[in-house]
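Every chain is named by a letter (A, B, C and D) in the order it is written, and numbering of its residues begins at 1.
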C-alpha cells in the first residue's frame, strides 16, 4: 500500500448521481484482487478519506476505474475534479475476493447499488478463469442503473429495481436464481442487503464485502471493526479495512 | 539540532505518533522505516482485552474528527506478547499508553509494562470514550494525584500523564500530577464532542459522544500548553491537530518539548516521516538552530 | 412552521445573530431588512464604556477564529441612548447581552436595560476575554447561581444565562442557574484558545488568549446542549459554528429551541437572512413539519 | 456595500510574489473613493475574509483592479484562481481619501510595498482634478517593483529600495522631496512607515491609510479599532474597516 498523487484520466457521469473515475498511477500495479479499495482524499476541506472500491484495473493503461455515487458532501465535491488533475490516493487497501481459491464452475454475484462496482472486476477475473457468472444487480430505479451491459457481456444478469422501472420490482433477494446451479456466491451492498442475502443463501459457500466508517483505512485505528461470532475465544473482531472488506459470511456478525 | 532530551527518553527528533492513531506500528511500517521516529506512542493497554464500542466509531467534523473507539486492545498481556516484539528491532523508544477504570487497573497495567522493555509510560487519565471511570481521573485533581503516585510506586520508568482538555482548570490538574511525581505531561487528549445526523436524527457515533481531534482543537491545545508551561516545571509532549512543521514550531514556542501526531496519520500515512524530513528547514526558516532553542520561545 | 415560543419571546423563526457578531445591528441593516430576524442579540453592555483589548483582536484558525475584543462597548447608557433607538422600529425582539466584572455590575446593567425596551436579557457569565471576573462567574456554579438570582431580582424580563464551554461539568452549571431562576440558557460561548505566530514568536492576539468560535467548536456545542437538554428543564438558544440549515437542524435535534449565528456573519453578511429563507425547505427535507417538532429529536 | 460573486477578468503576476487581479461586477459601480477596499473570501478553507485595497476602477468594463502580494496562506491560495472563475467579494468597504475635499494644487503620495495600490487610484483621481502629484514609492528590492511606470505617467516618481537595487537605498522617508512644494500628503504602508512619515511631515496636512486585522470588515465586530488621542472624552476609538482605513494623522494613535 502506498500514498500517491494519481492522475485523473477520465471522469464522467454514467447514471443518476453516479460517476466513473479513472485514475492512473503506481497503485494500479499493486492491486492483487477484486474487492480491494482505494482511500481518497477529496480535498483539504474533508478531514477523512473516502473508501471506494476498485471496479476495474487496466494493466495496459496503468489505471484503476472507480464507480461512485454522490452520497454526501465529500463525494459531491469529488465530482468537481477534472481530467488532468491529480488526486491524493492511498491504496490498494484491504483483502479482496480470493479469486485464486475459487475452483468450481458456477458463481452468483449479488450487488446492490454502490456495492456493484467491485463485483465487475470480480466478474472479469472469474470469467477469465472459465467460471460461469450470473449476476443479480439491484438499483433504486431505472435512472440509477449502471454497468448492466458490462455485466451482460460476462454472463447472465438479473436486474431488480425498488420501484419496478426495470427488471424485477423489489430487492436483489427477490430475484435470486435457482440455487442448484450455484457453487459460490459473492455479494456487496448495504449491510441490510448482505444480511438478507446471507440468510437466504445459508448453506451456499459465499463471500461478502462489507462497508464500515473508517478512520485510517489501513488497520491502525480500530474504527472499522466488526464482531466475529467467536468473540469470546479468539481475537473477537475483524477490521473491515485490513482484514476485509471481504469476509466469509460465517466470519462476521452483521448488525 | 533535532534531538531533545526528555526524562528517560533521548529523542533523535521531537516527533512521534500519538497513541491510538498508529496502532502498534505494524501498518505504518509498510509506508516507511519506523526507526526514523523520535519515539512511538502505542495504543492504550488495559488489564483485560477489550472489544471497545459499537460502530460507527468515527465521524468527520470541520477540520477534525470524532472518535469513540472505546480503548479496544488485546489486553496488556496480549500487547506485550503479540505487539511489542514487532517494535523492538526499530531504533526508536517506545512509550506505552496505560488506561484503566480503577486505580488498581492502572497499577497492574503500568507494572506489567514496566518489565516489558518499553521506555516510558503515558498514563491516559483522559480517555473520554469509556463509560466507567477513565475520564474521571483526568478531571479530578485528587484522583489524578492518586493515580500518578501509585503508578510511580510500581514503575521505574518515566511517567508522562496525559491530560484531558475537558476541564475548567488545566493548570490545577497539571500541578497535582507534578506534586505526585509525574516526569512529564502529554497534552492534550480529545475534546468531548458529538455530531448528529439530521437524516437518522441520531448521533453518528454509536457511543453518542466521541473525542474531537484534528486542527479544530489546536488553538485549545496551544492555549493549555502555554498556560501549563508557565506554571508547571514538567516537560510537555504537545499534541492536537498537528499537520505541518509550522504547527510543530508553534507547539515548541508554546512550551512543548516534543510533539505527537495523531489523526493526521489518517490523512497522510507518511506524515510523521515527512515532518521529520522537513523540520530542520522549518526551524532554520524561523531562525532556530535547534529544537531546544525554540521550546517555550513564546514566553517572554 | 417556523415560529417558536421561548419565555418572553414569541419568535417568528428560530434564527438570530449572536452577541458580538452583529454589533448593534446597524451595519447589517445595509444588507437586509432586520425585521426578518427571529430576534437580535446585541453586543455586550457593561456599566462603563470600555475600550477593550489591544489589537490584533482576531486571528484565523482551522475552521474558526479567535477573538479577544474585550467587551468594547459604549457603556449601558450609551447603548440605551445611542444604539437601541435604531433597532426599535424593526419588528424583531431585542435580546441585550449583559456583562460585568462584579455581581453589582451585572445588577446595574441588567436593571438599566430592563427599563429600556429590550425584550430579554442574555447574561454573559462566560466572556473569556476580560481580565477581572467575567469568566469566573461562568466556571463556578455558586457564583453563577448568585448572578442569576440577583439579576432575576432586579429585572422582570426573561433572563437567559450564557454558559461557558470551558468547564468540566456543564450540566452542573446549567442546573445551578436553573435553580437560581433562569428562564433559559444560551450555549455556548467561545472556547479559550491561542495561536502563536512562528515568525514573531508571539501569540497573534494582543491579549494572548482569545475565544475560539466557528465550525471547529460545533461538536463541543452539540455535545453540551445534548447533555444539558437531558438533565435541565430550560429552553436553550444554541450556537457555535452554525453556517447551514443542516447545522440548525442538528442543533434543534440536540435540544436547542432556537439558534444564534455568530462568526458566520463575517463570512457572509447575509447569512441570517439566507438561513431564514432556506430553513423551511431543510425542515421538510428532513421530515419535519415545524421547528418545534425537531427540538430534542435526537433524544430517544 | 454588498456581497457578490464577481468574475475574474484578468489575473497575472506583475512582480515578485505580486499579482494583479481584475474582477467584474456590481461592486465596481459602488466605489466612491480611492482607499476603499474589498473583502475577499479566498475559499471555504479560510475562515476570515482578506481585505485588499481597490487599486483602480474601470467604469467602462465594470471592473475593479486589485494588486496584492502573497503574504501568507490566504493570498497564496488566491493566486490559484483563474480568469473566468467567480470569487466571493464583500465591498466596497470603508471610507477612502476624500478627493472632493482636496482643492489645493500639489499632492505628495507616499506608498510602501502593498500600501502602494490604493495610491494609484488616488493619483488618477487627483490628476484628473488638475492636482500635481509627486509619488515616493518604497519597495524591498528591484524584483518587488510594480506600477512605477503607471505612476510616472501621472507625475514625478521617486523610488526607494531597501537594498538599493533601484532608486534611493533606504526607506521612503529617506527620499521625501522638499516640503515647500507640498500642500497635502497621502500615505499608505506598514504602520511603522506611517509613523515615521507622520513624524517627518508634522505640520503638513495629510491623510494616512492604515491596516489592521479584521473580523467582519463592515464595522460590527470591533476587531479593527484604533485608539484616538481624545480617548477619554469622546468615543475614544475609530474602526479601521468602517471609519477608515483613511484617517487624518492627528485622529489616530499609531502603535
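Operating definition for what follows: contacts are C-beta pairs under 8 Å (C-beta built on N, C-alpha and C of every residue); 3 or more make two chains touch, one makes a residue touch a chain.
Here the structure is a predicted model, which means the values were calculated and not measured.
*Asks:* On the document's contact criterion, could you list the chains that touch chain C and likewise touch chain D?
*Replies:* Chains in contact with chain C as well as chain D: not a single one.
*Asks:* Can you check how far apart chain A and chain B are, centre to centre, with Cα atoms defining each centre and the answer in Å?
*Replies:* Spacing between the chain centres: roughly 35 Å.
*Asks:* Can you compute the centre-to-centre distance for chain A and chain D, using the mean CA position of each chain? Integer Å is fine.
*Replies:* Taking the mean C-alpha position of each chain, the two centres sit 56 Å apart.
*Asks:* Whole-Å distance, chain B centre to chain D centre, using C-alpha means?
*Replies:* 47
*Asks:* Quick one: chain B and chain C, Cα centre-to-centre, how many Å?
*Replies:* 33
*Asks:* Can you tell me which residues of chain B touch two or more of the remaining chains?
*Replies:* Residues 61, 63-64, 214 of chain B each touch two or more of the other chains.
*Asks:* Could you say which residues in chain D touch two or more other chains, in rising order?
*Replies:* As it turns out, chain D has no residue touching two or more other chains.
*Asks:* Is the chain-to-chain touch network here best called a line, a ring, a star, complete, or other?
*Replies:* Shape of the chain contacts: a ring, since each chain touches exactly two and the loop closes.
*Asks:* Mind listing each pair of touching chains for me?
*Replies:* A-B, A-D, B-C, C-D
*Asks:* In the complex of these two chains, what residues of chain B are touching chain A?
*Replies:* Result: residues 20-23, 26-28, 30-31, 43, 49, 51-52, 54-61, 63-65, 67, 69, 72, 74, 214, 263, 265-270 of chain B touch chain A.
*Asks:* Looking at the complex, which residues from chain B come into contact with chain C?
*Replies:* 61-64, 66, 139, 166-169, 191-196, 198-199, 201-203, 208-209, 212, 214-220, 222-223, 226, 241, 246, 249-250, 253-254, 286, 297-298, 300
*Asks:* With touch defined as at the start, can you tell me which chain D residues reach chain A in the complex?
*Replies:* So the residues of chain D in touch with chain A come to 44-45.
*Asks:* In their complex, what parts of chain D are in touch with chain C?
*Replies:* Touching chain C from chain D are residues 1-3, 41, 46-49, 74, 90, 212-227, 231, 235-237, 242, 255.
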